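The letters A, B, C and D name the chains in turn, as written, and every chain counts its residues from 1.
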């Protein structure tokens, strides 16, 4: 971020976009939480606001009046070190504060922070926290879209979110293999631009010769996998994946419905017939892995992906990699409450690389490390093969 | 019900009261479902409407146009024999249909049924179904109030429902024992007025001499029980009750909070200091039983209660009895879908007698048999002793 | 019990029979606990022994040396008021004390108690406790047989217990209805012989006219029920029963296997083709109730059963009744630890009347009240209809 | 393996050692399964025998008579592609086949395989399978010891396994840091000796400068961590680890008991006062990680460990590493049922390096990759720091 003025613009745009995303919702849509890892939209709106109040205004703006003493308690999140938090599974029980209260809260904090940025000369460190707050809100914008899709896509009436949302950009080119030679490569974030703590620590990795596809797997290819009976072939699956598909009776990607002899999927435009040419979406790591096994190929590691990424088209689907989410060499948690941001999740999760149709504009980087538990499918997750 | 005209009035008043109850809510309050046995208010409003559409208008009014084909699916309830139903635990995930849609649905059905009652000559049997529909809605009015209390009372902000609601009418008289002599008594519904199937089958029971209190147990008496350590004395409890208090860490009635050295309770007027003279509320059967054991006394049976009820003041608390909910001799399930109304619940539940502050006006009868599983506390349940 | 001498005989025979029952087992069979409500045989042997040590020898025999300080802890049971207990679900984890240790413990206590009975003049009250101990052991003899059946019958090798055990005595007579007239009847235990606390309190009940079958339902009749698709007809079932059959995928009585086009059942003689004429066994209350509904009939209450019992053949199957397990009028828990014997289970259970092929000789009475949760099937439970 | 003769010796010794391990058990100890990931000792004895029968004798020895048709079903394991299997959680329910049956089964198969090795000229590939079978049995020998410890160590009587077992060899030297320089290193199995598929694929990795301790963390050091309140400091823990310690009420390593003001631990010699100088054992990855955080240090990766291992003393504790269990480059699952051996577990687990006091003699290698889910503690897991 170059200047305080730029930061003000960035902040203003970020705040506005969250509200734009929610402008397509009914009040009721803001409230529900169908499963534990999906948060109610109103919680996202409140929580991203709380972040600025808690970490910027409260400690740094003299005479700042909290909007409401109770808000911190309700909108604190995984940051266990800042006061009590509402148990995450219970977010969907909270009818109050209301949606209109939350919009008032947003306005109040947005206005206060804008004035703060306009009036005061702010330290570099504090600018950094505000910048993180914006990126944090952009991450929640992606979650807003994926959580809204889950809420509406699991409603028996399959309501549309927004007719104009483009979920399925097609890669109109032939599949080819990109070769990369054995060598030492540099990975990790290297510029002075913003990045998260988990991307830092540029370091060398040794990669063997490998090839990576220039194209994502399509729906058509995954239908072949299904029709070949791959969901019933134990040898294709991790033991844990096999348990997961059987316990949950999984037979297709999330949001897929086989009706009247055709595959349909719920999209943000409503329930639609599947486009075979569109890139596959909403699969678990287990399914991505089993698909690769079925092809006799494999998933790339996150470093193979990063090293080769400038040679292929990416950005529509988060892509599962074979890499577990671990700290880079010399990774250091930041001090204090923000230190919980990423490090505390570095176990039992898989790295995803790329970005998705739900990613906030200018929020993707080739060093960005997204991460989820292997069974999760509500993100726009896809699959690219390597060998 | 004397006439079709009276039925029209009864229907009109019943419909209006459901809406009056909900007039104190915010849109968000209609949507959430904190626990399985609490339904979202909007579901109650839709379901009671669906009842009239499904059982009256659809089969009996020529040319009736369904308001919306999808509604039956969403608002069907425990009536497993009528189509699919939304799994009960998932009611709280449904942001759509919206609250305003549901009010439109109510208006449409209310209007249609009023016209039907005004214009057509209706068979006695069909009048009976409409009458059941009204009583069914009155039952849901009680659930609306208790579910709303649960939703707001489990919100960390403890929002008020309505300042004017009177939850705690005090019994300003001395406790005395009413004696009833050993004899054969007649129990069950005997008049021609409306009653549910489970009250029917007037029959004789043989009762021994017994005494029953003229007064409900008060908060003050229950505080003595707590302070005597009764929640830690295993011999006072059923094995199942002991497991329940320990598994759920129960140490006081529902909605009670011990803060700053005083007992408070959430009421529909908000969080308040407990009034010691008010009748105890929101206890499980297990707690009622343990309290009686601690006193060296017992709970009355439902027949003792019914035989003695004209000699004491009742109607503010549902009162746990020692009786299990079983069919009366010669109980017959009605034919068809309405046959599921009561009979299917006649196992593993306890009978409660009386009525409560949440009971719809003119909805209480001395033969009314309410029933709940022994651990449930979200109703206005209280306790009267016998010996 | 007439005299101390008779009591000695009774005690001696009781102790011997427990060991006779277990004489058909391998050491490994004594140890396992496949589900929570089935206890390992070695636990039954230890627990019944602990009873005599804890309640007779330890408090009443001077100079008595405990066999082992640790035994009380391991073999205490549901008697929460006597020291700590091994959590019931964990009984199947305890490889020690060993089976041979337990037989030594039995010998030691049996011998000590025999000497005690021979040498000392014992108070009537203490004789009563010893008598209860014998009856307690006889109850565990029934559990031993049913638990052993469960352990072996859920082993994929279906090992035989004992070739000579007669599980299926056939009622070779025609089904008829026995009529009983409306009247006041006296129920409950009336003689001076031993009975449990829950049978006491002889009292009057008023019964309407009813008819009860002279014969138990047979396997052939239940196969008709199955073949009529009754497990798929929701209107026949309690709501709770319907959930239970669907959650547990229940389609036939326990131990039934449909193989090669025929129904087989595991019996204590091994896996056998079903005898259609034999009385049905191993059904839940839910199934008994649904069967009665399917027939357009009902189950008797426990009092109907008791009043009519001298007119029909019973004793091979525990018979589900419609009655919930509740205290009789004037029921009093005995003082002290033995007070937990029956009263603490008087909620959420159904009464069974009769006795079964597994019941200890001379352990059945027409006033005996057995009780189980409605879903339990591992006892030899059967079904007699009323109307 | 040099020759068929050597293989015969190896097989003979391996089989004998399993039986030697179990020679300290009572029959009852062979049967129980206290938690899902602990198998009954008799299952290990049967399963390792089944392996030789299923993969060697049945397909390759002409005229081989199966010992018993039912055995395959009961002793098949995670090899989902070979027939049905006994559900893993149910292994503890199987009283039959008996322990003596299993010893007969072992004798029969051991004898048959010895004769097979003596008489026939066997292909290299088949020798390879027999060798794998022996290593497989050696792995189960370690599990036998750790499972036996769990079975006896969770018994309230804390029975000894064997007085002579040495669990706690002390590292009698000063802690020092070993420095390793940034460079490309070769990792993975390189000789012609036996190794598992998951160690294969020698490959280069790039390591930064690092230091690794020459010594394992001791009990004394971990007591400091406990006494500093580290189990209550959220910032030290992974989110998942924090949930785990709170859900399971974890406050110390497995088998530790704080009694009379001192820490004790159950060992295979019985319950003992903790030796502060002994290496820490029975911790989860979460605890290992939190300890490193508390020290301001970190765990080594599996490659750092492998590269440095010839400079430090190891072999008494399996050592948690920071590395997730993933396939090496060019990892290939073997064809057929043996292909399930390792690859199917390569998700959600952490690599442990080293060996333990329970490891079979000659079964440790510096390239050996052990792996467990991060919460598991019943192995002899320890902790070495890096920076």
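Here is the rule we go by: a residue touches a chain if its C-beta (ideal position, glycine included) is under 8 Å from a C-beta of that chain, and two chains touch if they have at least 3 such contacts.
This one's a predicted model, so the numbers in the text were calculated from it and none came from an experiment.
A.B. asks: Moving only to chains each one touches, count the minimum steps from chain A until you reach chain C.
C.D. replies: 2
A.B. asks: Among all the other chains, which ones are in touch with both chain C and chain D?
C.D. replies: Joint contacts: the list comes back empty.
A.B. asks: So how far apart, in whole Å, are chain B and chain D when each is placed at the average of its C-alpha atoms?
C.D. replies: Chain centres of chain B and chain D, defined by C-alpha means, are spaced 57 Å apart.
A.B. asks: Need the CA-centroid distance for the pair chain B / chain C, whole Å please.
C.D. replies: It comes to 37 Å between the two C-alpha centres.
A.B. asks: Using the average of all C-alpha atoms in each chain as its centre, how far is it in Å between chain A and chain B?
C.D. replies: 45
A.B. asks: Which residues of chain D touch chain A in their complex?
C.D. replies: Of all residues in chain D, those touching chain A are 78, 80-81, 184, 203-206, 208, 210, 234-235, 237-242, 285-286, 289, 298, 322-324, 326-327, 329-330, 339-340, 344-348, 350, 374.
A.B. asks: With touch defined as at the start, can you tell me which chain C residues reach chain D in the complex?
C.D. replies: 26-34, 42, 70, 73-74, 86, 90, 92-99, 151-152, 154-157, 159
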